[in-house]
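What follows is a set of structures to go through.
Note that chain A is present in both complexes that follow, paired respectively with chain B and with chain C.
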Partner chain A sequence: MSLTETSLFEAVRNQYLYKLKSRLGLFVAMAGTQVLALLFSMGGVASYGRGSQYLHISVKYYSSDIVIWFTILWIFFIAAQITARDEQNIDFTFVSNRLSGNLSNAAFLVTAALIGGITAILSGFLLRVIIYFKGGIYLSSQNFIAAPDVVFTGMAVTILYLLLFGALGYFCGVLARLSPVFIVLLIGLFFFGGWFVPRSILPAQVIVFFRVESSLALLTLKVMITMVLLYACSFILSNRLEVR
Partner chain B sequence: MGMAAMAIIPLLIIFVLVALLVAKSSIFSLRHNLQFWLVTGYILLLLAAPALIPLLPAENLADVKMKTVSEMDIVSEMAGQGDLYTQALQGSPEQAEGAFVLEQWQFPCHHDSMIEIMENPAYKNGFAENSVTIVTEKKDRADGMIEIVNYATRTIIEGVDFSDRVKPDVALHGNVLQVTGPQRLEVVLGMFSREFAAAQILGKDTAMLDGAKSTHNRIVPGSQLLYLRIPADMEVQTDIPIAYVEE
Partner chain C sequence: MDVISCQGLTKNFGRIKAVSDLSFTIGQNVITGLIGPNGAGKTTLLKIIAGFTRPSSGKVTVFSENPFNSLKVSANMIFVDEHMKFPSSLSLAQIMSAAPAFYKNWDMGLAKELFAYFSLNPGQRHHHLSKGTKSTFNMIIGLASRCPLTIFDEPTAGMDAGVRKDFYRALLRDYLQKPRSMIFSSHLLNEAEDILEDILLLQAGQKRLHLPVTDLKEFAVALRGKKEVISELTAGQEIYHQKNIGKEHSYAVIRRDAADGLLKKSAAAGIEILPVAAEDLCVYLTTRNRGGIDHVFDRNQSF
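Entry: the complex of A and B
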C-alpha cells in the first residue's frame, strides 16, 4: 500500500507533462500540415479576372484561411487518434484512473489548440514575406501590415474553433472505440444526413450556429459550453471501455 | 505604435524562448530531441516573420511605388468613359471628362502632299497587338508639320493608376506613318485579406465587401486614341479605319 496519496491534480499534471513530451511528433505533424497549407496558399485563396481591349487583370487575394482549415483538420484527427488503445495504455504507467487520463488528454488538446491557433495566424505573416520576395505580381499595401486587433482577434477565434474541433474529435474517437458501427454512422451523418435526419442537427447547420456569431464573448460561451458537454460525454462513455 | 508592438512582441517572445532553452528545466531536457528542435525552429521562424515585415522596403509595393487614385476620382473616371472619342470627333478631345495627354509627337513633312498611315502588325506570342483609334483633323494652314497627340483616360486597377503602362507608339519613315498599338497589359494584382476568423468578429475588409461587385467598381479600363493634325494640303491614304473630325 502506498504511503503517499496522489491527488487528482498531481496525477493529471504528471500525465499531462509526460504526454506533452511523448507526443511531440504530433506538433511536428502540425508544422508539416501548416507548411503544406502555406504552399497551397501561395496561389491565393480567391481570385478575380477581367479583360478589355488593352488590359487583362487578375486580382488574387491572399490570407492564411487554408492554414487555419488544415490546422482544424489536424487537431480533429489527433484528438481522435489519442483515444486509440495504444495511446490510452500510456495512462497505465502512472498512478491514475480513467478520469485523470481523460483530463490530461483534454489538457493536452487545449495546449495543442493554443499552439495551433497562434501558429496558424502567425503563418499569415510568413506568407506575406514569401509573397513579397516571390515577385512577379503587383502587391498592394492593403493589409500587408496587419493591425494588432485583427491579429489577436483572429488568434482568439481560431483557438476557439480548434478547442471545439479538438473536443469533437475526442468524442468521435471515444465513440469509435466503443463500437466500429459509430464510425459508419458518423460518416453517413456527415455526407448523407440530409436524407434521414432533421436539417437542424446536420453538421453543416451546427457549424453555421457558430459561424454566424459576431460577438467574441458569445462565441466563447458557445464554444466553452459545447466543449464541456463533449468532454463530459466522452469521459462518461470512456468509462464503459474495458479495463486492462 | 501598433507596428512597433507587432515587431517588438515577437522578438521578446523569441528572447524568452531562447533563455528558457539554456535554462536547466525538466521540460527542456528535450533539447537533444530532433522533434523538439523541428517544432522550436518552426515556431521561431513564425515569430520572426512579423518582426521582419515592418523592415521590408515599402517602395516595392504597388500603391507605394505607383500613383494611386481616390474613390471619388474612380467614380468620376467611370462616369466619363466613352466621352473621349465623342469629343475627339468634334475636334476637342482635351475637353473630354478625365482626358489627359500621354505623349505627343511632331514630324516635319515639307515635301509631302500625301501620307500613308499603316498599322504595325507587331506580333507577340502569335497575337497581333491591339489597334488604336485614330481621329484626324485637317489644319487650316499648310505649315508642313504633322502633329500627333496621344489622348487617354486613366486605367485604374484597385486604386492604382496604370495609365502610363498602356501606350501606343508612332514613327514616320518617309511619307509612311507607322502606328503601333499599345501592348496588351497583363496585370496580376495581389492583395491580402482578413482571415475568416477575424472577419467573423470584425467584419470583412472594405475591399472584399460585395465581392466581385466591389472589384468591378475599382477597375476602370481607360481608353486611348491618337489625334492627328495634318497640314491643309495633305491627303491621307490608309487601309485602316480612321475617323475624321466633323466639319
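Entry: the complex of A and C
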C-alpha cells in the first residue's frame, strides 16, 4: 500500500476543524458566563450618590466591563483545560504530532478570542437596551449612543486581552502538565506572590506594561510579541511529552 | 523496504526495563503477531513504534523515519487499543464523519457496513459504550482507515466470542482486499493463529523468536515415554518444557532440529514423538519457570 503525504498545514487544518466541532460546548459555556456577567452588570458597575435635605442624586455607570472580565476568565480556563492529557490523547487518535496539536490549539484559542471579544462588546448594547426598558432612571445620552470607532476600538482591545490571557492560560496548562509542582507554584504565586515580590517591580509593571497603553498599534505589538513568546515556550516545553 | 526496523531498542521505566535491547525488522504487507505474557513489553514496544513515546536508547525507524513527532508516520499509521480517545461531545456517527479528513485511504463504505453489521448506535457517545462495543468501534476505525501500518494492541478486549470471530474474519478479508502491514498484539495466540503470517515472541522485554507461523508450528516436537530414556535422549539439549506423566513417564519439548537425529533411536526405545501446538509452544517459551505451575505444588508436597 502506497504511503500518503500530509503537510503540517493540512494536519493543523484538519485538527482545527475537528476541535472546533467537538468543542462547541465551550462556546455555550461562554454564552452562559456572559449572561451571568450581564446580570451582575444590571446594578451598574460603579455608582455614587449625594444628597441634601431636599435633593438626592444617584449616578450609576453601566458598562460591559464585568462581561469582559468574565470572558477573560473563561478563555484562561479553557486554554489551560485544552492542554490536558486526555485532550492530547484525542489528537493522537487521528493524525497528529505535537507541533500540529499545539498549533491547532492555538488557532482554536484565537478563534475563541475573536468570538469572545465580539460578543463581550456587543453585550454592552444588550445592556443598554435592558437599562432603557427598565426605565425609572434618566439616561445620559452622552455614551448611550456609541460611536462606531469607539465600539471597534473596544472590540480590538478586548480581543487583544483575550488573546493574551488565552496564551497565558495555555502556558500555565502546559506547565501543570509537565509537573504537578507547577500547579502548586502557580496557585501560590497567584495568591501570595505579592507578599514576596515588592509591588514596585515585576507583577505591577507587567500589568502597567499592558494596561497603560493608549496606542492601539503599540498594544497590538506588545500583545502579539508576548503571545508568540508564550506559545513558543509552550510548544517547546510540550514537544517531548509522551502520550497515551 | 522495511516498514519497521528496530536496533538495540530499550525503554526504561525507572529501574525496570520494559523493552530491552530489541532488534528486528518487519517488512511490507505482513500480518505480524506480537505475542508475549503480561508485562513482556508488547504495549511499550508498540507505543514507541507509533511515536507516542520515546525509546531510552537504541534506534527505531518506521517508513524510514523516526516515528516520534513524525507526521508522515502518523498519517500512515493507526494505533487501535482500548484506550483510544474520542471527544466526549461527539456521537459515533460524527466521529466517523470526521475521520476521512485525516486518513486519505479511509473507506466510508466499509466503515458504514461494519457499523451496521455490529449494530452500533450512531447517536451514542464513545465514552458511554461498553468495553466490548468500544473495542468493536475502535476496530472499525482501525480497519476503515486503511493505513499502510495498522497496529492493534489487544484489540479483542471485552469482545464476546462471536464478535471476536467476526473481527478476525473481517481483518483477514480486509487485508486480502487491501494488503498492508499489520501488527496484532495478544498475550495468547489462540484464535489469532490462523490469520497471522509472522510471530514476534517477546519475553521480559526481549525477543524470544521472530519467524513465520508455519515455521513455529514445526519448531519443536514433544517426546513422550519412559523417564530415564527421555532424560538420556535429551541430555545436553535445551528443554522448553517438561512434565511428568504418572510416576514413570515423562513429556519433554525440544527443538525439532535437535530431535531429528534422535528419531530412529527414540522409535526403538518406545518413545512417542508428538507435534506441539504453536499456542502451547509460545507459552512454554515465555514461562519463566520450566516446570510450570505444577512445579510449585509438587515442591510444596515434598515437604
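By definition in this document, the second predicted complex is superposed on the first by the 231 of 244 C-alpha atoms of A that agree within 3 Å, B and C clash if a C-alpha of one lies under 4 Å from a C-alpha of the other, contacts with A are read in each partner's own complex, and residues count from 1 in each chain.
Keep this in mind: a residue touches a chain if its C-beta (ideal position, glycine included) is under 8 Å from a C-beta of that chain, and two chains touch if they have at least 3 such contacts.
Everything numeric in this text was worked out from a predicted model, so none of it was measured.
In the superposition on chain A, A:100 makes contact with chain C only, while chain B stays out of contact range.
In the superposition on chain A, contact is made by A:17 with both chain B and chain C. When the two complexes are overlaid on their common chain A, residue A:25 makes contact with chain B and with chain C alike. Legend: residue contacts after superposition of the two complexes on their common chain; A:8 is shown touching chain C, with no touch to chain B. Chain A has more of its residues touched by B than by the other of chain B and chain C. In the superposition on chain A, A:240 makes contact with chain C only, while chain B stays out of contact range.
Within chain A, the residues touching chain B in one complex and chain C in the other are 17, 21, 24-25. Interface of chain B with chain A (complex): residues 2-3, 5-6, 26-27, 30, 33, 35-36, 38-39, 42-43, 45-47, 49-50, 52-54, 56, 58, 60-64, 66, 130, 155, 157-158, 160, 162, 166, 182, 184-198, 200-203, 205, 207-208, 212, 215-216, 219, 221-222, 224. Residue ranges on chain A touching chain C, taken from their complex, read 1-8, 11, 14, 17-18, 21-25, 86, 89-90, 92-100, 239-240, 242-244. Of all residues in chain C, those touching chain A in their complex are 29, 47, 51-54, 63, 69-72, 74-76, 79, 83-87, 89-90, 94, 98-99, 101-105, 146, 148, 178-180.
Interface of chain A with chain B (complex): residues 17, 20-21, 24-25, 27-28, 31, 34-35, 44-46, 48, 50, 52-65, 68, 115, 119, 121-126, 128-129, 131-132, 136-151, 153-154, 157-158, 161, 211, 213-216, 219.
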